[in-house]
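Sending over a structure as structure tokens; questions will come in a sec.
The chains carry the letters A, B and C, assigned in the order they are written, with residues numbered from 1 in each.
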Amino acid sequence: MRIDTLEVLLREHPFFRGLDEPDIEFIAGCGHNVVFESGAYLFREGEEANQLFIVRRGRVALEIDVPGRGLVVIDTAGEGEVIGFSWLFPPYRYQFDARAIEPVGAVALDGVCLRGKCEEDSKLGYELMKRFASILLRRMQSARLRLIDVYRP
Amino acid sequence: MSPAGTIDLARRREGQPAMGLGSRVMIDPGGLQALIDALRGAGYRVIGPRVRGGAIVLDDVTTTADLPAGWGDEQEGGRYRLKRRDDNALFGFAAGPQSWKRYLFPPRSLLWRARRDGQGFEVLAEAAPPAVPMAFLGVRACELAAIRIQDRVFAGDGFSDRGYRERRERVFLVALNCGSPGGTCFCASMGTGPAAGPGFDFALTELVDRDRHEFCLEVGSDRGEELLAAIPSRPAGPEDEAAVHRVLEGAAARMGRSLETAGIKELLYRSYGSPRWDQVAARCLACGNCTMACPTCFCHAVEDASDLEGQTAERWQSWDTCFSLDFARVGTGRVRNSVLSRYRQWLTHKLATWIDQFGTSGCVGCGRCITWCPVGIDITEEVRAIRRGEES
Amino acid sequence: MTIAALPGTPLREPMVPFRYRVRSRRRETHDVVTLALEPLHGPPLRARPGQFNMVYAFGIGEVPVSVSGDSSVESPIVHTIRAAGLVTRALCESHPGTVLGLRGPFGTDWAMGSADGHDLLIVGGGIGVAPLRPAIYAVLARREHYGRVSVLIGARSPADLLFATELQNWRSRFDLDVRVTVDVADGRWRGPVGVVTELIPRSFFDPRSAVALVCGPEIMIRFAARSLVDQGLSPANVRVSLERNMKCGVALCGHCQLGPEFVCRDGPIFTYAQVGHLLAIREV
């Protein structure tokens, strides 16, 4: 039975592919394994945004409660996806609730730790920013496409 | 088999000697009257040009006196006037506001009628009188080309329009080699005139000057040849043939417009984003006159209706225009909201996509769209501008 | 006196409908109904997956509707209709016993036979899943003839998902990868939320030979087709089902033109190689 250290996990994850070994070690040092049971919150709207999560198994819903309408799920992150980007920029505050809608196993990365390292090490910072920007671009395009409301009668 | 789709119009017999197909005779206006009488005697309804309401329109003709003797026309972008000629020519004008499509593909016609019954409904045979065979008198070269084009649309490969076929197959067609091109004409550019192409029973060339008024008549079909027996004529001699030639050469040289057709399909396929469309869209009213006047435009609506009690339903066919806002829809929405897109659709279809669809251009150079556009938009000028836009 | 157009014979009178009775009716969502139709007389028309019929509501009008049932089943003919306008509302309100008119089948089909041996990506959005269902049935009937098969479905919300029960059955098969996403959901939804194109990169297929069948709103088709081509599929292997207002269904009335194509005759199924450039032109 192989016990996956965080380093092994991160090295195999497409998001971190191409990073140098020392960087992967450092990032692994910023992270730890977390488990959420179905229904538990990873973070809530308004909370200080200090972490990002890489989902290893299960599914996380990004949701918000709209008064008069109820709970609205606007995005989900499944296996291998990243959730929680508000740690990147001030005011470092989560905009939505993130809730496990199945049992979730994830790697939580310390945002403060990562932010500090990126300021110091601009090369690593650039590599990480490229990766985050790529995800954000895809997310934004997905959101824009849904904004067009293509299935509208 | 003539090239005009599946309808064998000319019924040419190969290798027939003189006094058969292709033979030419000379008739005078009295002979033309005999021609009209023979056609009516054979049961045809003769339709030809007449003056009415300040224009030359198509209507029933019984005598040569009905024809627009001595009338000509002045045509320009957005302008049409009749003017007196200094001779008595019976066909001395260019294309009028109407085309023969109003008879072959009427503006409105019933497809079928149905009645509710115990088994839902029953489609009844159309309760219309049988189509009276029509004789078209004076189908200009460009107009004959337009009929050939519509033959490909309505009676080509694939599904055909039953009504069109029935009317078309019974038409006796007297074509006209054109001697009086107008200010908006460009049949020479489109290769459709001034000499009439295939598909006629007779082709007339009017020869009129101080000394004579005659018609050279060319036979183009078996039934034309049969009818010729009832028409007094003399054989055409070399001077007559030369006179016909002169008329045609003169007409080809007097075209009011021209359109360069080399590479036009590729040009327009490249030009969906041309700034010229904005320019013409600022002028175009999307009134659809051009599509109504055009002899090849075929787009039509299929409409279902019922009586107030919902017991009888009918399906009608009626002329439609791609300039209408509702013409192209996807789901419940309109595809071509801007006038720009609709003008672009019309011109690109007429001169480019038509070629991919039917193997020929959709335009015959009759100039009607230019003459009858209220703001005088000129299809030849638009194409020229698009070409120039590329070169700069 | 009736016009002599016998059902089952080649259409000599293409504008005259054959009478079909509604055998059964099933409500799929709040605005979508599936009707099963059988002919009053004679054998039923045979439509291939992807083709459509012109469906007539007596005295009201006629609309093009793709077949949505199993093409190997002769009768009934199945149509899934969304109530969006006057005619479709009337069709959706018809009940067993109502007699409708049918003309067809018209148009090109998904050409399932030519996809033999290939991986398949079946991408459907909204009501677009209906014309794809016959293709899915055709695949399942000859499953061993295809490689990996992914069915990717998108809808506005969980309440708008078509054929929910069948979707569940397909999802439980081991030889199908079925993924369903919705644009937005409420707390009861346990699946992915996002646009259907996001499902494409996560599917398994050999891009060099995979064949994709795409149907849905035209914007969704544009984005999905582009995403498929970005993933390495050949545009000639991406088949899309387009829609325009058909009035005659037989390429005579001119309304359904898209560039030089008559969608009723040269489509509704096209390859992206044929129409990709046309889809990119505004208001064409």
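Note that in this section a contact is a pair of C-beta atoms (placed from the backbone, for glycine too) under 8 Å apart; a residue touches a chain by one contact, two chains touch by 3 or more.
Just so we're clear, the structure is a prediction, and the values are computed from it rather than from any experiment.
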| item | value |
| --- | --- |
| Each chain counted as touching subunit B and subunit C at once | none |
| Innermost chain, where centres are averages of C-alpha coordinates | C |
| Averaged-CA centre spacing for the pair subunit C and subunit B, given as whole angstrom | 40 |
| Gap in Å, rounded to a whole number, between the CA centres of subunit B and subunit A | 68 |
| Centroid distance [mean C-alpha coordinates] between subunit C and subunit A, Å | 37 |
| For subunit A, residues contacting two or more additional chains | 153 |
| For subunit B, residues that touch 2 or more chains besides their own | 331-332 |
| In subunit C, residues with contacts to at least two other chains | 84, 217 |
| Residue ranges of subunit C in contact with subunit B within the complex | 1-3, 11, 13-17, 19, 21, 40, 56, 58-62, 84-85, 98-101, 217-218, 243-245, 247-248, 250-255, 257, 259-260, 262, 265, 281-284 |
| Partner subunit C, residues of subunit B touching it in the complex | 111-112, 114, 116, 119-126, 153-154, 158-162, 272-273, 298-306, 310, 312-313, 315, 320, 322, 327-332, 335-338, 340-341, 345, 349, 352-353, 356-357 |
| Complex interface listing, subunit C residues touching subunit A | 31, 82, 84, 125-127, 154-156, 160, 183-187, 189-195, 197-198, 216-217, 219-220, 223 |
| Interface residues, subunit A side, partner subunit C - complex | 59, 61-63, 70-76, 78, 101-102, 138, 142, 145-146, 148-153 |
